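Input: structures, listed below.
First chain A sits with chain B, and in the next complex the same chain sits with chain C.
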Partner chain A sequence: MTVATVESGWARSWRKNVRRHGWTLGVWLLLVGLMVAYAALLPRFGAFQITSIAKNSLPLVYLAIAQAVIVIAGGIDLAAGAILVLANAVAARLMEGQTFPVTLAIAVLVIVMATVLNGIVGWIITVSRVPDIVVTLATLFIFSGVALLVLPSPGGGTSEGFRALFTGSTSGTGSNFVPPLLSMAVPLALVAWWMRRTETGLSLYATGSNRVAAYLSGVSTGRAKVVAYAIGGAFGALGGLAALAITGSGESRLATASGFTLRAVAAIVLGGVALTGGIGSVVGAAAAGIVLFTLSPFLSALGVDPNTAQMIQGVLIVVVMMIAGIVELRRQRAL
Partner chain B sequence: MKASTRLRTPALLGVLILVSIACGGTGGGGGEGETYTLGVSNTLVGNGWREQMICAIKAEALASGVVDEVVVVNENADTTGQIGHIENLISQGVDAIIINPTDREGLNSVIEEAIAQGIVVVAVDQAVTAEGAYVVTNDQEEYGYLGAKWLFEQIGGEGNVVEMRGIDGVPADTDRHEGFMRALEEFPGINVSQETFTGWDPTVGAQQALDIISAGDVDGIWTSGIDYTVVEQFQTANADLVPIVGADNNGFIAQLLEVDGLEGAAVTNPPAIGGVGAAVAIAALKGENPDQVVTLTPEVFDHTEESDLNSLYDPEQQVGWSTYVEIAPWTNYEAAQVSECAGPGE
Partner chain C sequence: MTSSSILATSQVAKRFGSVVALRSVDLTVGRGEVHALLGANGAGKSTLVKILSGVLQADEGQITLHGRNLRLRNPAEAQEAGLATVFQDPALIPDLTVSENFRLTDVSEQEVVEWLERMQMSGVDFDQQIRDLPLPTLRLIDLARALTREPAILMLDEITAALPADQAEQVFGVMDEWRDKGRSVLFITHRLGEVMRMCDRATVLRDGRNVATFVPREMGEAGLVEAMLGEAAQGPTTVQTAVAKGPVALETRQLRSGDRLKGVSLELHAGEVLGIAALEGQGQDRLFALLAGDRPPDSGEILVAGDPLLAQSPYDAVRRGMVLIPSDRLQALLPQRSIRENLATPLYRRVGQWWGLAADEDDRVRSAIDRLSIDTRAGRQAGRLSGGNQQKVVVGRWLAAGFRVLLCFDPTRGIDVRTKQQIYELLRELAAGGAAVLLYTSELAEIPLVCDRVLVLYDGQVVGRQAAHEATEESLLTAAHGLSSEDVA
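This part shows the complex of A and B:
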C-alpha cells in the first residue's frame, strides 16, 4: 500500500516535470538532432565548426534570453535589437585602442548603462500604462538613432583579449570553443536559476501569467516589470558586446536592430515562451536561438536554394507551434 | 643500389596517390577531370544588381567546365553575419570563396583563416585589405568621379546638385563619395545642396527623389545607381527634368533613349564583375597565378547621339538588369547564360 503510493507519487512528479519542461526538452533535442545532421553533412566537423556556431549564435542567444525574460513578465520589447546595436556602437567607440582591462571595465559600464536605460523604459511602461509594444516601438527608433549618432559609419574597435573572451581567439575566428560556450552557459545558468529559485524571479512569472491576481496576492507587479526590462537590457548589451568581439568593429544600422528583434521573438516562440506571458523558460529560448542560427548554414549545406531557406525557417516555427497546439488539445481532452 | 630503386617506386606511387587524393578535394575525382566547388557569400538579398552578380558567377563557373558546384549563401547580413557565412563555406569544404564584402577590414581575420586552410578567396565589387585575398572590383572612385564630372560640366559648372549615395560605411559607397568630392574640387561653382542615402533601395530612392523635387531648386542629380526611379518620380510629379547621372541599369538606359528632354549619363558598374571574380578564382585554383588585384575602369554613356547607348539596351530584360556582361579577357560565358542564371548541375 504505502510503497504503491510512494511509487505513484514519484511517477506523478516525474510526469509533472516532463510536462512542465517538455517543450524545453524538445527544443534541446531538436538542437542536438540538428547538430548531428549538420555534422553528417559536412566533410569535416570538429573544433572549428563547433566554435563557429557557438560564437556566431551568441548575439541571437543573448537577445532571445533578453526577450524571454521580458515576455515571461508580460511585456514585449521591440527595441531589444536596438539595445544590442546601441551597446555595440558605444562599446566599439569607447574600446578602440584600449588595453584588455580597460575594455573589460568599459564592457561592465555598457551593461550597467543598458540595464538602467531599459529599466527606465519598463518604469515608463508601468507608470504611463501605455502598451509595451508602443513604448518599445518608440525606443527602437530612439536607441537606433542614438547608435547612429555615436557611430555614424562602421568603425571603432576593441582589444584582442576582449575578442578572445567571447570567441576564443584574438582574431575572432578559431577553434577554441570553450570561451564561447562558457560565455553562453554562465549567464544563462545564472538567469535561469534566478527566475526559478528567487522570489523576484518567480514574481516575473506571476505578473506575466495574471497581473491582477499577482497584484492581489501581494506581488509587486510594477517592480517585476521594471526588473524584467532591466535584465532584458543587460542581455541586449551582452549581445552587442558579443557582436563586437566577433567582428572587432562596431556597426549601427536600423536594419540590424529590427532584424535582430524579430529573430529573437521567433526564437522565444520556438523556445516555448508564450507571448501572452507567464509560460516558458530562458533555457528553451536560448536553445531555440542556436537552432534558428544553425538552420541557415544547415540548409545551405543541404543544398537548399538560399531563397527558400528563409521560408523554411518560417514554416518550421509554424509546424512546431501546430504540433504543440495539437499536443495541448489532446491533453485537455484526456483530462 | 638495387634495394633503393626497389623502394623508390612504391614510395613514388604512394606520394602520387596521396597527391591525387589531396587534389581531388570535395570534387571527388583527381587527375585530369579535376573539378572545384565555389562558395559565394552575398549579404544584400533581392537587389537586382547583386542577383545578376551571382548569376554571372554561376554562368562563368558553368562555362569554365571545371566547377561541379556553386554553393551560394544569400542572406541579408551585417559583418557579424558574413563572418558566419564564410565560416560555413569553409566548413562545407569549398575550394574557393567569392564574397561581396560588407566591410573593408572586419572580415580580414576570417578571410586569412580561409586562406590558411588552402582556400582561394576573391572579394568582388568591393575591396578587402586581407593579405592574400584577390580583389576584383569596378573602380568605384572613378565611378564617382567620372559621373560627377559629367554632371558638373553638363550644368555649366554652376548650380545646386544632390548626391544620392548608397549604404553608409560600405566600401563602394565611401570610394564613390571620394571620387565625387574629387570632381567637386575641380568645380568651385557647384554646391551640394543635399546628400541622401538610398540604401540602394529603389523605393527609398523614389521617396527621396520626390522630396527633392518638392523642395525644388535643384540643377542636377548624381545617383549611386538608384536612377530610373528618380526619373520616374520627375515624370509622375510632372516636374522639369534636370540632368541625372546613373548606372548601366536597363531601365535607366531605356529612359535615356526614350524620355524626351532627359539629359543624363550612365556610368558602367557591371554586375558581371562577379563573372570576372569567378574567372580569377578558377585561374588561381588551376595554379595560373592571376593578378592579385583586377580593377575595371567605368565607361560613361550619355544621352547624346555619339554614345552607343543601344549597345547597352535589352528590351527583353527587366529594369535593374545590366546588359554589359561580356568582359574581355576574363569571362568565357555567353550573355544568354547569365540571363539563364544556372550554375553547374542546376
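This part shows the complex of A and C:
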C-alpha cells in the first residue's frame, strides 16, 4: 500500500502543508498585502515601481537566503554582510572598464572565491569548536578590512550588460522587471529545492534540528556545516554583485557590512527561520527580505519619518514573533 | 550453540577521564543468533553499544566483523560495515518529515514500508513531522529503516522499553525472522522475561567486564539476576535508623503524565526516607519532574503538607519547600561562581536582597559549609570541586534556604564511596531533623542502607512496596524487572 494521505485525500494533505509551512505562507501573504497597500498609496504603480522594488531588494534577499541556509544548519554568520561588501569591492575593482563577457567571468570567479572562503570559515568552526558567533564576528572585521584595502574609497565600475543582468536596464533604472525577478527567483528556487529534496540539503536541516540524532543516523554533521557556510558565501557574493549592478560602483564600509548582517538576521527571523536551527525555509526568508526592504519606501510614502520607520520595522518583527509564539504554545498544549 | 562467530570484541576498554566505563570486554556474537547483553545500571552496556555503533571509539581492544578488523570512526562507518543500531532515542530528525528522514539517510521508502507492514504498522503518514509522532511509532520506523540496510548485526538498545505489548510482539517477530535469515541480533534489555523467551545466548557485563556467557533458558531468571549482581560488593555500611513517623509531608494521588506515569500514588512522612527503585526509563524522571514543579501532571494531585501543589515552575515548588537534588550536579550549580554564591542562590529571592545578603543569612551560608564539611579550597569556582563536594554544595544550598521535602534524583551518581557514605549520613540526619526525603537511586544496593521504605516503579506504576530493611538488592531487582512482586506492606 502507499501512504495514508493518499486515501484521505487532497484536502488533508493541503491542510497539513498549510500547518507545516504556515509561517512561510503568512510572510508571503504579508508581502502581497504590503504590495497592494503600496500600490493603492501611490498615484502611479506600474512596471517601474515593481522593477524598483525587485532589483533594490535583491542584495538583502540574497543575504537573507545566505543567512537562512547557515542558520538552518545550526550556525549563524555575522560576517554575511562583510562577504557582500567584500565581493562588491573586489568585483567593482576588477570589472571597471571591462566588457560584458569579462565581467561575467569575473562575477563567476568572485562567487567561487566567496564560496571557498566561507567554506573555510565553516571548516574552522567545525574543527576548532569555537562558537559560530565568535568566529564570524572575527571574519566580519577581517573581510571588511580586506574590502577596504581593495577599494579604499567608493568607486570602481562594471559593464552595462552586467547591470542589465540584475536590474533589467543598462543604466540600472528602468521598467523591465523580468531580469530582476528572474535573478531573484531562479537561485531561490534552486536552493529551496536543493535543501528539501537532496540528501545533502536535508543534512543541513538535520544538523540544525538535532545534531546528535543526525550524527547517529549517519549524517556527516561537520560536512553539513561546511556546505552551509559555503553556500552562504555564494549568496553573500551574489548580494554584493547585485549591489554593484544597482549602483554601478562599489563601496566598502564596515557600517554597510554590519548593517546588512543585522538586516539579514531580521529578515530570516521574520521569515520563520528559528535561530536555534532546523526550522524554516529560504523561501520565507526571501519574502521577509522583500518585506523589510519595501517597508521603508512604503512608510515614507505614508509620510512617516525615516527614524520612526526603523522603529516600526522592529515592532513588526516583535509582533510577528509573538503571534508565532502564541500559535506554537497552543499547538504544544494540544499535544 | 553457534560455532561460527560474526562479531567479536576482544579486551575492549574505554575510560572517561578518571572514570573507567569498560575495563575489558570480550563478546562473541554467532551467526544466526539472538544474543542478549545484560548488566545492571552502570555495568557498561551502553558504552559497549556506542563503541560498536561508531559513536565512541574504544581506547584499547579490537573489534572483528567476519574475521576482519574494524575501526569505526563514526556511525556512518558502522552502518556501512553492517552494524545497524536502533537506539532508545530514535535517531530521527524531529523537524523533518518521515520521508525526508529516509531521503536524508539514503533509504528506500518502499522497503521501509514493506518492513513496517510486516510489523502491522501500515497506517503511518510519511508526510508527518517526526516530532508529531508517538515514541513507539518512531522506534518501529527506526527499526524498519535499520532493517532495510540488511545489517549483519542488528543492535537493539532497550527497544522494548515503553513499547506496548503488541508492538513488542512485532519486534520479536522481526528478531526471529532475522535469525532465520542467518543474521544476528544483539539485544540489550532490562526485561528478563524477554531474554528467556527470545535469546539464544546472553553475555553479562559487570563493572566494565564480561563476567559470564550462557544460554538463558538453562540458567533461569534467578540465575540471570545473580550473574548481574555478582558477589555482594563490600560497600558502605548501613546508616538506616528507625524513626518515629511524623505527619504526611508529601502525598500524590494517581499522578499521570503522558505515557510515562500511569497513576502513581505515594505518601511520604516527615522524618522518613522513602526510596524509589526502578530500572532506567520506568517513569521516575517524570515523577521527579512533576514533584519539582518542572511540568504539571496531566491528572492527579500533589499535596504538600496537606495542601495541593499547583506549580507552574520550580519556583512555586521551591516556595512550598519542595527542593530537588539532580544527579547532574552541574544542572543545579553555577559552575563559574563561588561556593558561597552557590549556597546563597535561593536566598536571593527577594528583590531587596539582590545587592547582598542580610547578616543572619550570611551565617546560614557559613553554617551550611561547616555542617557539610565542604572543602572550600577551590572556593572561587564551584565547577572545580570534585563531584562529591559539588553535590554537597547542592545539598548545602537547600540547607541554607530551608525546605520541607528533599527530592533526590540519583544523588550519588559517579561519586566515590566515602562521599557517598557522607551523603547517606546527611540524608538520615536531615530526616531525623524532621525533613522528608524522597530518594531515587540507580544503585539498588543503596536502598536498604538509607531508606525506611521503598516503592518499586515499573512502566509508570508502583508495582511493589517493601520495608527497606527487608529489601535486598535481589528482591528489588526482581521486582524492578516487573517480575513476581512480593508485596510486603
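Basically, the second predicted complex is superposed on the first by the 323 of 335 C-alpha atoms of A that agree within 3 Å, B and C clash if a C-alpha of one lies under 4 Å from a C-alpha of the other, contacts with A are read in each partner's own complex, and residues count from 1 in each chain.
In this section, a contact is a pair of C-beta atoms (placed from the backbone, for glycine too) under 8 Å apart; a residue touches a chain by one contact, two chains touch by 3 or more.
Remember, predicted model here, so these are calculated numbers, not experimental data.
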**Prompt:** With chain A superposed, do chain B and chain C clash or fit?
**Reply:** fit
**Prompt:** Looking at the overlay, what does A:Ile111 touch: chain B (first), chain C (second), both, or neither?
**Reply:** neither
**Message:** A:Val135 in the overlay: touching chain B, chain C, both, or neither? Say first, second, both or neither.
**Reply:** neither
**Asked** Centred on chain A, what angle do chain B and chain C make, from Cα centres, as a multiple of 10°?
**Response** 130
**Contacts of A:Gln310 with chain B and chain C, given as first, second, both or neither** = first
**Asked** So, A:Val291: does it touch chain B (first), chain C (second), both, or neither?
**Response** neither
**Message:** After the superposition on A, what does A:Ser300 contact: first (chain B), second (chain C), both or neither?
**Reply:** first
**Request:** Please work out whether A:Arg196 is in contact with chain B alone, chain C alone, both, or neither, and reply first, second, both or neither.
**Result:** second
**Message:** Output check: A:Val219 vs chain B and chain C. Expected answer is one of first, second, both, neither. What do you get?
**Reply:** second
**Touched partner set for A:Pro154, first chain B, second chain C, both or neither** = first
**Request:** After the superposition, pull out the minimum Cα separation from chain B to chain C in whole angstrom, please.
**Result:** 33
**Asked** Which residues of chain A are in contact with chain B in one complex and with chain C in the other?
**Response** none
**Prompt:** For chain A, which residues are in contact with chain C within the complex?
**Reply:** 1-5, 13, 16, 20, 196-199, 202-203, 205-206, 208-210, 213-220, 278-279, 335
**Request:** Give every residue of chain B touching chain A within the complex, in rising order.
**Result:** 26, 45, 71-76, 78-80, 83-84, 87-88, 90-93, 103, 105-106, 109-110, 112-113, 168-169, 174
**Complex contact set, residues of chain A against chain B** = 42-45, 48-49, 52, 56, 59, 152-155, 171-174, 243, 246-249, 251, 253, 255-256, 259, 293, 296-297, 300-301, 303, 306-307, 309-310
**Asked** Which of the residues in chain C end up touching chain A in this complex?
**Response** 53, 55, 74-76, 79, 85, 87, 89-96, 99-101, 103-106, 113, 117, 122-129, 132
